[in-house]
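Structure, as structure tokens:
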Amino acid sequence: MAIGASKEEATSRRIRLGMVGGGQGAFIGAVHRIAARLDDQYELVAGALSSDPARAKASAKDLGIADDRAYTSFEEMAKAEAARPDGIEVVSIVTPNHMHAPAAKAFLKAGIHVICDKPMTLTVDEAKELVDLVQSSGKIFALTHNYTGYPMIRQARAMVAAGELGEIRLVQAEYPQDWLTERAEATGSNKQAEWRTDPARTGAGGCIGDIGTHAYNLACYVSGLELDELLAQLSTFVEGRKVDDDVQILLKWKGGAKGMLWASQVAVGNENGLKLRVYGTKGGLEWTQADPNYLWFTRFGEPKQLLTRNGAGAWAEGTRVSRVPGGHPEGYLEGFANIYTEAARAIHAARDGSPVDPAVNYPTVQDGLVGMQFIQAAVASSAAGNVWTKVG
Amino acid sequence: MAIGASKEEATSRRIRLGMVGGGQGAFIGAVHRIAARLDDQYELVAGALSSDPARAKASAKDLGIADDRAYTSFEEMAKAEAARPDGIEVVSIVTPNHMHAPAAKAFLKAGIHVICDKPMTLTVDEAKELVDLVQSSGKIFALTHNYTGYPMIRQARAMVAAGELGEIRLVQAEYPQDWLTERAEATGSNKQAEWRTDPARTGAGGCIGDIGTHAYNLACYVSGLELDELLAQLSTFVEGRKVDDDVQILLKWKGGAKGMLWASQVAVGNENGLKLRVYGTKGGLEWTQADPNYLWFTRFGEPKQLLTRNGAGAWAEGTRVSRVPGGHPEGYLEGFANIYTEAARAIHAARDGSPVDPAVNYPTVQDGLVGMQFIQAAVASSAAGNVWTKVG
Amino acid sequence: MAIGASKEEATSRRIRLGMVGGGQGAFIGAVHRIAARLDDQYELVAGALSSDPARAKASAKDLGIADDRAYTSFEEMAKAEAARPDGIEVVSIVTPNHMHAPAAKAFLKAGIHVICDKPMTLTVDEAKELVDLVQSSGKIFALTHNYTGYPMIRQARAMVAAGELGEIRLVQAEYPQDWLTERAEATGSNKQAEWRTDPARTGAGGCIGDIGTHAYNLACYVSGLELDELLAQLSTFVEGRKVDDDVQILLKWKGGAKGMLWASQVAVGNENGLKLRVYGTKGGLEWTQADPNYLWFTRFGEPKQLLTRNGAGAWAEGTRVSRVPGGHPEGYLEGFANIYTEAARAIHAARDGSPVDPAVNYPTVQDGLVGMQFIQAAVASSAAGNVWTKVG
Amino acid sequence: MAIGASKEEATSRRIRLGMVGGGQGAFIGAVHRIAARLDDQYELVAGALSSDPARAKASAKDLGIADDRAYTSFEEMAKAEAARPDGIEVVSIVTPNHMHAPAAKAFLKAGIHVICDKPMTLTVDEAKELVDLVQSSGKIFALTHNYTGYPMIRQARAMVAAGELGEIRLVQAEYPQDWLTERAEATGSNKQAEWRTDPARTGAGGCIGDIGTHAYNLACYVSGLELDELLAQLSTFVEGRKVDDDVQILLKWKGGAKGMLWASQVAVGNENGLKLRVYGTKGGLEWTQADPNYLWFTRFGEPKQLLTRNGAGAWAEGTRVSRVPGGHPEGYLEGFANIYTEAARAIHAARDGSPVDPAVNYPTVQDGLVGMQFIQAAVASSAAGNVWTKVG
């Protein structure tokens, strides 16, 4: 694509948004707020940003949230906002993992849509409860498996679905990082490392839940496959660490495809190396998160093609969630924003009682359940001595 | 950098923003709005989005601008907004080039800060007038040479200034594109191509003004050098085109450094290939816009280093204008937003009567003049048979 | 390294070389001959190039081999050459796999050194016999695991051994190709595909023996680790194929390191994608065969370095087996030639009764046994339902 | 291409080769010998390897040259070899530049073919003399502009010639190095730096003759264009250096195409960064010497393709001079060897009185003249104050 019109939708009907978690100093809360803001479909009007009252107030003030809508508990917030005529329509849950489920339930019960960070819950049982609750409530539930928001990932999924790769044989996913190479959680100055390696807050899996689940979600999203069995080797390389920091998994997909998944937090030299490769009888795809505007595609027997976001060879599925012309890179925040904007499209439709555009898609509560089943199976497989384990 | 706190500043004191140009279907207007929104420092409350009344209204409505603040002329808007107690504090000018200067003057005279797209004016004389007017008005004027907003460009500039490269010998800049390889302006369906190749609206230079000036601005910004002389070979390869579509320039910098600058709109296979290389007595740097989170750095006699935004080896100058951890790519919109947010910091300081943080920087009216002098010299050199021409 | 002296050793004392296999139309025979010739340490003077007499003669003639030294059986050749005063000192065995062991035995028994292609034998038992025979004969046996000949692989091994990476935690190897994506062996026109997928000639493993064993050898060579257990998932994706065409293996190394190994002949878009990544407590390395002059190295917490062959940051271990300055790429044939030239150094020392330079190294009969144990364990693991299997 | 037969030609009729220059410690002599040896078409039997008798003898001995054919002057060698029934058929001249012409003349006059390093002579006049002499002698003269030997360069040239790019508009060549960033010639330990910066031995141009001429030759070879005018800015950045170490040139090609050429020996971080980009009305090509097995190709409006040597999308022109399958990298020595092997094909044909295969091509004495005209024009342009100068 040459220089053309940038895409923007009407922003005059912003959705009233609340947030749980994400006070001053948090990482992912700020990301969610930028994501919500990017396409101007939301207005942040309430928050339970911290359980500490002073920090909750101060954080709210910074964000332009009125004093009387700065809560210190999500229960209180759900109740109060549900009672207001101008109450929030949707809440973002950006707390450590252990609070995702309780908060989500509270808002769903209060009739409020939910956008929730991943992994969705601590256990499969909690996840199933949430599936039931979403279903019975009729509310929208979007899970921020943000990497599915990248335009070239949208295109990859569409290409697989359209048969461009033929029958899928191999799905290889990896997600190496290095930030936990040393025992950062013991320094006393790294809040992120602390909660992400604390089983009480992060769940039974460390690396598997934090990033392994992202890689798995992406593999499912693009390939369209469902997993049958896995065999996992979870390791804890750093002495004293309470959760796994490296994950190596063999995959058997339903229908006969095979695959491998590797996630690591101790692979020195990798910042955030999420990568997906899919191979079929007719073609192959390769995508790397750090360079997300490119998608390598090869038809068997033909030269490799470097497809670019909004460039020659771009598909509508990617262009639909892209903002600027090819060659002007979009990144992590834009991909994250796509989850928010897709959810906004669904919320607008719900508000209006109109049907959702069938092109709209975002990770759902069902994807959250699938993710928890994956984590549970991986942890169980590893604990049993790295044995084949059915998923789901 | 590992996963750490994302950066966000207080957004409760948003600046009231107006916009001239950028109605439905425009490219750069939407980009400016996203850039203004990203860090939540602005609120768009008024606009002269189109000279066509219906389009102006409809565009304003989409953007949540009140009906009575949807203007059809910038003169009217400047006057009306200056008169309101809640009038805009700053205006974004995102029209075709020929309207930049008239609009900027109107708002400066009305006591309103200006953020203006580049190239700043059609002529050097207009640019000088604007320099004077900004000076006399005491208002803030920011020019959206957005590529200076990329964190790794900030770091590159800081590294050069700190002497990491030694004395600079070579500055090589290039900006190839291919979107005007054929006569897109004659198809009747490409508004961007039409005005960007129409001398009345784009100015005397085509490619030189549209992208050559970006490359030049970046070269000056990073190297800290001033140009002495240039020799330009401007070409029009596409038959019937009224402006240049390829630009090749030799550079003599003050102090003895040399350089080359190439910009093209007919280099097939290049989407938006802005690239800068700087070499000194002690080291070298290389940066590419399409992959903006990387900066190659070599100290003479040592291995090449791949520096990453917010990663190991990141400097404070880049981290300061970065939002997410290393490995989570930021892109074009984030770089563009940095110009807006830097301007916001200056505007907040002006509003409060407090000094601006010395780290704050954005392209100024002076940079705009330097850019126009470059365009003028290049056009003159080429017209005179590609001869050496003093700049400024 | 800047432009400096190219390396070359005295070539006046060339070693008399014979070859078994590698007649007209063969792939790897020609590669071996170029490898032998590159540093001018060998003179090809005899051959059993084909079992077909006419083809054997014609092939010999092309190569300048005298008529009376063009044999049609290796037994005859071993006998005749051993009897000549000017008989060959070393033989290259470049036949399909099933003939490696018989031929090697014949020459060793005749007192002739052996250079042999990989995998060394069809079975572990054969391999053990060969180990014993080499030991009792006192002859030199070099196995052409050619990828260990690349200079940056030499450097990688040296860096690991020197502790630059700290204690090794992870060794990830992969070797995707795509040339057997379709059933090439059934077309009647692809000799390579035919024998490499015929269990009688290639052995029990297909992909595992052809390329999996290369990846494994490289992983061992660089990491210095020994494998304890593996769990393999061998697949045959192409209908009608008699051997595996995709291999996915989990690795447990002695001492606690973990790893994954993937080899495939059906991964569309991969020509010859051998890649190795090694991570330790202090640093990480990454190397790709298709771009062999580069080695990525990261010390934890420092910027990534791109080390180059003979460039800044090059180690003596790599420079020793390199011929031209940094920036002048060496490739597959040069790496292959290094195995031949290292063997030549050992043969010269043996000839002279002098000690071998301790820096000299090439894959030995012991490495061949280790490779066969790996293949056998992988095949057994997979056949037993992908279960953990001890190696060796 | 999948794994297939490696290419090799009959080597039984080796050509008798002599060498002038290239004794112990020289860089390019060893490269020429490997290049001559790679495809086994030559046998080195005589040499005037050094003007120092002891070094000449010792060097010859190392290379297996008989004592009585180890000369100390090329005049003597030309005379003696011409008189022998088994005298050399061709000589390689690998001395510093100033001796190229005298040596070449001596051998041509003695009826011996010549392979000569570049730049061909010190002056255009010498070059013209050589053109005449080659013509009148009927002997073969091959100039080792080795980069034209790379398979993907052969393919690039064929693609341009076949019209795949349409009408050529732009030819951009660059060749940055950094090995002369400091005054290496003054250290007393760098022979290469000494003679390459000594006008008496290297000629009037330093960087322009050493590497600028390579870049220019490549640009001509691939584009098929002839240069009309140039404007050059030669710089000497290192104090005390006697020749240029950086070259920046604007190009006007006959027929209307434009271009830029940059060569540098002081661009820190560049080992040997020869790069060529060619753009036409229909497509674009990009090739980089450090990664020579790749060729980027884009048809306007279609995705970028990464063509690979001997891979899918390979053309016969490249495959013809390639030895191993795609994915098995070939490098500098293989490209260099192609010049030797192409010359061998011509010499064989001359020997047999048979016609040369029309596909055979190598740089000729005419290319050498064109190169000298380029150097002369660039030096003249720069000396006259960087003015437009006709070439030829």
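All chains are identified by letter, namely A, B, C and D, in their written order; residue positions are counted from 1 within each chain.
Methods note: contacts are C-beta pairs under 8 Å (C-beta built on N, C-alpha and C of every residue); 3 or more make two chains touch, one makes a residue touch a chain.
Molecules present, by chain and UniProt name: A, B, C, D = Gfo/Idh/MocA family oxidoreductase.
Quantities reported herein were computed from a predicted structural model and do not represent experimental measurements.
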item	value
Taking each chain's C-alpha mean as its centre, the one farthest from chain C	B
A-C compared against C-D, more contacting pairs	C-D
Rounded Å distance between chain A and chain C, as computed from the means of their C-alpha atoms	43
Centre-of-Cα separation between chain D and chain C, whole angstrom	33
Residue list for chain A, restricted to those that touch at least two other chains	270, 297-298, 304, 308, 311
Footprint of chain B on chain C - complex, ascending	297-298, 301-308, 311-313
Of all residues in chain D, those that touch chain C in their complex	2-12, 14, 25-31, 33-34, 37-40, 61-64, 177, 179-180, 184, 190, 192-193, 196, 270-273, 289-293, 308, 311, 323-334
Residues on chain B engaged by chain D in the complex (per definition of touch)	165, 169-170, 172, 178, 181-182, 231, 233, 235, 237, 246, 248, 250, 252, 258-260, 262, 264, 266-270, 277, 279-286, 296-300, 304, 385-386, 388
